[in-house]
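Each chain carries a letter (A, B, C and D) given by its place in the written order, and its residues are counted from 1.
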């Protein structure tokens, strides 16, 4: 297929590369053009503008946040203005439910399809085409782009005909991850104050009840207080928890754990920890325990 | 070794059987003697009293709660009164940190050793000698009973010279499990209100970020609202969260997640759900969301 | 002084009347013009547009929410576009800190002054010129409009040179009121479950430690479960708590009580209680207690 | 009436003095006998033992905590053992609901009456006979001791025939006070970070919506960060919140505000603030906000 790809960050570069590998034609655009070169060397065409990336049947975006996605999609010479009628915009960024709804409406009005396809997986999984794709949108649109999902991921989950539902599922995943982090922080503060070694404790947890990568990865970071450099900064953690809470508020769903996490992130930021890894909220349980 | 074993519930029966299998001599006592017969047919000796179970070098207890352990250990003709000086009491029950400290002191005064060895694992794991043993106590005492731990479990973790620390680690495990349950409840309420199928959602979670048994087991129960019969009743869930909070208070450690969980369990009990599985606290997130 | 007054709701009508009574000239505008007639009969001039209300030295607004204030102020033919340079906009509505900041900047750019003057007091206090005015803005601007504050209120508190700070103080007042309501709800649930009569209990509280009007007013409503008609609807309660939390997030201040209140209001709304008085969140403490 | 009075602390000394003033005969007992002298100079008889204080029709206790009350009442040669059948024990200490129930049963078994009569008011109010008495017990017993309540307080509230209910009401009062403190702490952190002067802010609150002594007293302490010497130590604050939570748990009532307060007090204690005034929990809202 003829695809435009917009957003060549740590995730996007891997995804676009795998689209090339699978035999698709890719016109790549990035705000800072340096990264486009890497992809061109693997066979992509350089798009100098968003509009140039919108000349195929499909354009996929993988951008940092709502602002970036909104500007690229709804701004002058953006995707809605540039994509031909009948074209499909696959949005893989982690964005708010509210924006997902607005984009859905804007594309529909322009006779285009909008598909949400956020992913689970880190940059290494993106590079290895091992992402999990959470897809939502009109069935026909999803069918037509299914080969692209196969090219970038190991499995695709279709969750709804409403694109925003995929964003909600993505946000909920980070929400649960944040609860894992907080629970480890509290449990470690508790046993550490009783003299149990945090690393030995994490070893017990991950050898017994909680042998999932999330527990191993974050348990180790937390036990070692290894929060720099950030794998995922606390400011981004707050952003995702806020997005989850906003989506929940639109749906009138209270999330007490989300409220607690939001307060933790705000506390960390207010005390200068915004650039630390988001698992650094666990230092607060320790500090509150007088450790 | 010559061992007394007190408490032949779902867990104890498997543990005692594996001690026999490993070649140890077991004098078995249970409050209701019917269960002793099963074990006698496998080679155990029936003890008619607690005191009779205390004639060897070691006595192991696996009982329901603080009250039972306190009575058996400190009551008239109990373990402290009956075990010979130099003997060791291995306590595998999930008990409070406060009681663990009192038992440690009482045994020390009587010239006996007290070892805490709570376990992670369900009755099937107990039967298969696949438990994880969390052990704490004086190094010499732990060394002497290490073969017994090998007989009942797949791995032993020594966490401290203070027996109560093992109880704390055990309680913290159930505390984290309860946070897993609550996080699933809130996340499912959120996506369900947006029209996502709960079972499909749990499939996504357990296929991607959270592929641990805890998520699969409880995710399935929660998505199906399958809370009867209880695998672990809400009343016991409240008890364990309370024990964790009490231990945390003794150590002056705030546990905000523990507080939230306590309120959830109280709400469930106040509304008639005490006999449901503890994962039924997730119905509260759904109810609060108007589902 | 020559004043325009925009927004003749339950509060605004009393405030504008008192400005007339104090001898000022008032050009009154309201979206639905019927209410203007009442004021005209007391000596006001009817303004047919926002712009017509902006021909004096000062224009005061008392509107329902951010949207209304934003439209009237920043919209085409709005206050910023219509008020002469050197004029002052007194904003008495309860609005977000974020909007207060934007209005401050917009007026400054237009060579106008922006003063925030939200008030504490109910419609009866507005009618009786007994409001408390929380004022913030440039000192010169505050000095020039001080006689207007004297005309509508019993006392003026100047809190900052930054207008938004007055909005923050106003929001914090409703935040504290909401905590009063929640605390009464939990305490009443507790004693009621022990058989103590709620009304007798409220009598004790207000006769002893808590003899403030807030406790008497809300204690009575809560004890009688008298939530209709709403004095202040739960939807508005949620709005104000949300504004407080948003302001707090901008300032990086966690408000755990605010988080708890937000969850209570969401729960009430999700269960159909949005139009009840905001003190109906107390039914949730009772429901959770199985009452 | 012939009364024994046990416990001559800051509160008890005033209460006993007022019983003398009203013409009653008082046999006074205190653990450290020095304080008895003061009362003897005003006409009391010195009791050398608890038993000696139990020779009249009524004995009233005003002690520090559960342990003291339990020992004096149920210990060897305690009140239950010493008071004649038909006698009445008036317990004015702030104790747990659980202990109140045990004392009720013990006195009933001994043919004695047990009346709970905790009070609201500080030592000055006790000295001035201006206490508020929260009374509960069998109607006949309450009638017979009503003159004693009149002698020590300005008003008596009868809340139940079950003595423990009066203790619950008392505990709930301190619970609400603690929520007032926390709400002030969060609100002050919020406005202070926006540059509003805390003292000016408290002046606004207490001049407008919250003109109750609790807000004035604690608002001033909090704004000035004046936590030493403690009027009521944080350790005692934690004790009372814990008692409220325990009573609520017995009645199966969740108290989310109580949970939040408990975590605040634990945090303060873990960071060395146990001897500060309980209003010092408000430093935590400020600290979390990075102030």
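The criterion applied here is as follows: contacts are C-beta pairs under 8 Å (C-beta built on N, C-alpha and C of every residue); 3 or more make two chains touch, one makes a residue touch a chain.
These are the chains along with the protein names UniProt gives them: A, B, C, D = NAD(P)-dependent oxidoreductase.
Everything numeric here is computed off the predicted structure, so don't read it as measured data.
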- request: Taking each chain's centre as the mean of its C-alpha atoms, give the chain farthest from chain B.
  value: C
Contact-richer chain pair (by C-beta pairs counted) among A-B and B-C: A-B
- line: So, in whole Å, the Cα centroid of chain A is separated from that of chain B by 38
- prompt: So how far apart, in whole Å, are chain C and chain D when each is placed at the average of its C-alpha atoms?
  reply: 38
Query: How many angstrom lie between the CA centroids of chain B and chain C, rounded to a whole number?
result: 54
Task: Could you list which residues of chain B touch at least two other chains?
output: 248, 252-256, 260, 263, 266-267, 270, 288-290
Message: List the residues on chain B that touch chain C in their complex, please.
response: 263, 266-267, 270-272, 288-290
Query: What residues on chain D touch chain C, complex-wise?
result: 97, 120-121, 132, 134, 155, 157, 159-160, 162, 164-165, 168-169, 172-173, 175-177, 179-180, 182-184, 186-187, 189-191, 193-197, 200-201, 203-205, 207-215, 244, 247-248, 251-258, 260, 285, 288-290
Message: Can you tell me which positions in chain D touch chain B when the two form their complex?
response: 242, 248-249, 252-256, 259-260, 262-264, 266-267, 269-270
